[in-house]
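Think of it as A, B, C and D in the order they're written, each chain with its own count starting at 1.
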Amino acid sequence: MAEEKKEFWRWKEYNWHDETKDWKSAETITAGVDVGSVSSQAVIMLDGELYAYSNMRTGSDSPDSSRKAMDWALEGTGLTLEGIHFIVGTGYGRVNVPFANRAITEIACHARGGNMMYGNTVRTILDMGGQDCKAILCDERGKVSNFLMNDKCAAGTGRGMEVFADLLAVPIEDVGELSLDVEEEPPPVSSTCVVFAKSEATSLLRDGWSKKRVLAAYCLAMASRVVGLLERIGVQKDFAITGGIAKNTGVVTRLERELGLKALQSKYDTQIAGALGAALFAKALVEKKRKQAV
Amino acid sequence: MAEYRTEPLKCWNKAKELRLKYYKDYQDAHKKGGIRWTGGAWAFDAIPAGLGRDVYNITGEPYGASIAFDRKLSLECMEAAEAKGWARDLCSYMRNYWGSMYLNKYAFGGDYPKPDFCYQDHICCSHGKWYQHVAEYKKIPYFCIDVSVGPYKDLDENRLMFVVNQMHECIEWLEKTTGRKYNDELLCEAVETECRSTSTWAEICTLNMSKPAPLDEKTMYSLYVHGTLAKHSKEMADFYEELRDEVKDRVDNNIVAVPHEQCRLMSDTQPPWGFLKVFRYLEKFGAVSIGSLYTFGLIGIWEWKEDGTWGPRTTPMQKGERITSRDQALRILADWNLSKPEWQHFYDPNLKTEMMLQIVKQWQLDGVILHLNRGCEGLSCGIMENRLGIAKTGVPVMTFEGNMGDEREFDEKRTMARIDSFMETLGITIPA
Amino acid sequence: MFSKFYEWYEKRHDYARDWLSKNDGEVVGCFCSYAPEELIYAAGCLPMRVLGSHEPQDVTEPHIFGMFCPFCRDVLAQGLKGRYDYMKGIMIAQSCIHLRQSFTSWRNHVPVDYSFYLYMPNKVQTEHARSYYAGELVKFRDSLQKWRGREITDDALRETAELYNENRRLMHEVYDLRKQPNPPISGREAMVMVASSFFVDKKDHNAELKRILPELKSRTPDRECGARLMIVGSENDDTEFIKMVESVGATVVVDDHCTGSRYFWNSTQFNGDIMQDIANRYIDRPPCPTKDWERRDRFPHVLKLAQEFNVDGVITIQQKFCDPHEGDMVPLKEYLNSNDFPTLFLEFDVTVPLGPMRIRVEAFLEIVGEEELF
Amino acid sequence: MTTAGIDLGAKFVKVLFLKDDEVLARTQERAGFEPIEAARRAFAAALSECGLTENDLDAICATGAGRQVSPFTKDSVTEVGAAAKGTIYLHPSVRTVIDVGGEEGRAVKCGETGKVEDFAINEQCAAGAGSFTESIARALEVPLEEFGKLSLKSEKSIPMNAQCAVFAESEVVSLVHAKTPKEDISRAVHDAIASRIISMVRRVGINNEVALVGGVAHNPGFVDALERGMETKVIVPEHPEYVGALGAALTARERSR
């Protein structure tokens, strides 16, 4: 039974650092580590500017995942963990980042990170993460004023999308594009429940639907569920999406259409918003600490 | 296999016209200087009738169901209610109704007509909140009568008078709210008419004891609804008498609902209104749903007869009584409504099981289908105990989960698959 | 200091069995905080509200449909599993539809000698409710007298009402201490104190309250107060949840729950006819949403508590599928927000998964808390 | 008489040939998106396994979600009926049959002849048992086959409450973060799924004896959790995943008599 199955849900892991910058000349080096339920990111900042980051899957052990993410972000920079002045942990495993100086929720971090990524006009941030989905309202400093999370049902999460990609044997990075390649928008799958949507998709395919059409129906259903969350909190402009699903154009395009609002674009990777916010908080905290010490 | 004669009801179009006229009348009420009120289908609607002959109402449950029929509009309404922050598991009639109000869309075209006041009775937790919110949102007055005085078998003077006293209080409130003088004669007339219409509906249901059945439940849904709109109205009462005569005629001439009837069932609670094809699917098996405690007993008023059978409740007029005073009218109205079969299980599921088993016996049924309706906490109250109670007597019973007004909670394929299994259990196959 | 209350709370069945061995009476299960316990107590019985067990279970599915609230399920499960096998009587004062299910299923499937469904009015806002309810209470008294074979005299009722009033007054005194800048009592301790009063003989409970009060007044809290929170909503005796909230930089200083302040907030006023006096006390108490119409009388009450206890924010919680509270949540949030109290809404189940709850609470505290991050 | 039963399930197509009381062939194929093709393959494999041709079969009956599209026969029996019939044939004393698949669980109360007296099927949000264990095993980085056995090593009960498979996964993640041993997590997961299935079984009543059929019956952790939860022994027939196909073959035989 244990046949070799290709894992279509697996997305690419990567790291990056800015070779034009030299950490040795930085006054404040801070980092943020976001250990999510599905993915982990580490971000290193030099005086409040992005320097290096990594993005990888969370393993079954979160301290270990946080260490791996951090090491990978440091890789090739010559910088070591000890050289970082302040580290903030965030995400599901925020209290399990052994080397962090402080833990802050991912809700605050996404707002703060979003503020930098999309500019200080952003007022609504939708974080579509692995297992939950958060609608966040914030002010011009990136301070949260209100938030909502999905409660009863996990429809509209990255986990659901992974399950789906796997079922249809479509690499997860391609889901969005493929779902847009349909002549006419199909009705949304009636069941957005991850478990039941699977059986519904199977029967649609057996009824002769193309994979693209099924993907379109699922992306649409997912978008409508999320729009519901946004409407409940009351979307304010400007609006931005962070997290893994932000990369899925199939969901984002439909979400924008239903909402009648375009999401802001950013030059940064949408998945690092939480870690970025954490690193920014780390900077504020270390500066405050220095002031107090004086 | 026997094939019986089947033909559409002659009064079908009239039924439809009456229904549309009702919604149109409400919409146009202000043009004629009339009054518009809104509230539940269980409200004592004979009471506002005393304000004049130009008083029109819209009852929330059938209105919510009308929206459910229009799946696109219903989804819009649900989403509008959710956008305001309301929970998705609240009463789906209520969410449809609120959505229509928020969107300012009347299901029968045009804007949502603003009511002059809200008036109803409190049967479940949602009903109290439903019109409280409408009244707040539309900034209109609200009056609600509490009827939670226990099952009819235990009714006594203290309990009856709690309801009657609130009715008196309500009349004073109506006068104050509308500035109109209350007319007791109109009240008496309305109460008499209500007794007549609700007893006649029960009579129509008893005609379905005939085997094969002259009516199927899907048809009955379109007809019982008149009672949920305005049970006190002369038009509706007259229509029910006409319908009764026609159904009698169908029985006499062996005109039936399902041509290959080979299995008789009943259902319970409201159906998923967007998916009445469930009943068409049953027909393929030659299975006819002859009704339910819901279709029989939500509008029909019944009583246990001396011979142990269950039948239409004898009206005060049939007993030779005339209604002539306000107090008498209110006492009769309260007593009559408190005996409503669909009201008893709010206190004790066993009372409902007992009535359902009586229907199984008297209407000669082979099985029972229970809709576990996520959209209505009131009528689903105790439904699993009903299932147990029925199953214990050896009567086959199946359940399916759905929602009367929120199609997102109904799984068509799985429901049909369940029906297949149930029919197999009953030993019924699709006739060739 | 609160060890006695914790012990009662955790070993409620032991307490009840012990009570039975010492008294010539029975334990009567109550299904709602509206139960007029004074009558039961005056009949020589111990009223005991069935609260949550917070244990997952799989026995209620045949009896209660899936869309009904987890609390009503938890209640019935304990009965079906025989946790209350010493309890000979049960009664419900009419409350929400969901709890009625637990009561009727219990009556059908758990052996009891005595059961009573009291038709407590839902419309407490009409004056007619007073005499009607007093009339229903008379029936309850008659029925109890018949069952117990002894008379419930007006004097006994008066005495009991005084005992209950004393309990209410003492718990008020404890609650008053929570108004202090750093309250000497945690939210969890307060919750256990009120919850235990649902099972314990009021005489014992009063004695313990009197014992701790002087000590409590001079107690120096060993923790920072942090953000001052209020918690409002449906039935809640989830001490683990409060513990979690109070471990992340906050203190719950007041509540509006039927298992909390609403249970003891008002007391019986004596005007001559003791049955009417008791009836009035229940008609006039801070209402459950089920009974809060046509006006919303609960909202100003909640606001007043929030102001008097000087809270920074309000957590509104609700048992999943609880229709009465769901019908209040949207306007309640608007009402509190428009009065400058931020709110956080959470949905409860039999057990509350602490991980997902914690992030919501922490994020909320980051909103209401001081601005050290900016 | 030789008959065939074809079970067109959501994940696998299974074929079983029955001659008198002897099973001549058992084959299965992954259903994929073309279950008819899969059925043809499984059917051909079964024929070659016992060296028969289609003409040697006296009757064929289909069951499973895809029973109405079966290419070989119009005759069909529902999953509920087939599970009951197959189980009673193998274990005549059984009165409660529990059938758990990837996305659906069923409980059947049956009489001596395998006649269905009552049945229950899980409602929405019931977290498909099969899919659920798969995703948790993946989150824990444990191979699926070992995941079930792992739970037998644990003695500790940790309550889990999430109704939804995905949220349950977050509860598992919380347990992982709290450094809970994998075997305890495995047991918690199996207990949670079993508890949901038992809830459903209680609707029809737990009437001795109880049997578990379907692919999940191969998972010892689940069987153990089920037995503990119901406080009764559970019979697992040999080849539990073929019981539906067997029931269909038996139905075919009955109907052609």
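Quick notes on this structure:
Methods note: contacts are C-beta pairs under 8 Å (C-beta built on N, C-alpha and C of every residue); 3 or more make two chains touch, one makes a residue touch a chain.
These numbers were taken from a predicted model, which means no experiment stands behind them.
For this structure, the chains sharing the highest number of C-beta contacts are B-C.
Look at the CA centroids: the one farthest from the centroid of chain C belongs to D.
The mean-CA centres of chain C and chain D are about 45 angstrom from one another, to the nearest whole unit. In terms of their C-alpha centroids, the spacing between chain A and chain B amounts to 49 Å.
In terms of their C-alpha centroids, the spacing between chain B and chain D amounts to 42 Å. Put simply, the C-alpha centre of chain A and that of chain D have 37 angstrom between them. For chain B, residues that reach two or more other chains under the stated contact definition are 84-85, 89, 372, 384, 387, 401, 411.
Looking at chain D, residues 65, 104, 123-125, 167, 170, 173-174, 177, 203 sit in touch with two or more other chains.
Shared interface positions of chain C, i.e. residues touching 2 or more other chains, are given as 61-62, 66, 320, 355-356. Chain contacts in this assembly form a complete graph, since each chain touches every other chain.
Taken together, the chain D residues at the contact with chain B in this complex read 65, 77-81, 104, 116-121, 123-124, 203.
On chain B, the positions that touch chain C within their shared complex are 84-87, 89-91, 122, 124-126, 128-130, 132-133, 135-136, 142-146, 148-150, 158-159, 161-162, 165-166, 169, 346-350, 372, 374, 377-378, 380-385, 387-388, 401. The touching residues of chain C, when paired with chain B in their complex, are 61-68, 94, 96-98, 100-101, 104-105, 108, 117, 119, 121-123, 126, 128-129, 132, 135-136, 289-290, 292-294, 296, 320-321, 323-324, 326-331, 333.
Put simply, chain A touches chain C in their complex at residues 92, 104-108, 112, 132, 141, 143-147, 149, 151-152, 281, 284-285, 288. Taken in their complex, chain D has these residues touching chain C: 123, 125, 159-163, 167, 170-171, 173-174, 177, 192, 195-196, 198-200, 202-203, 205, 229.
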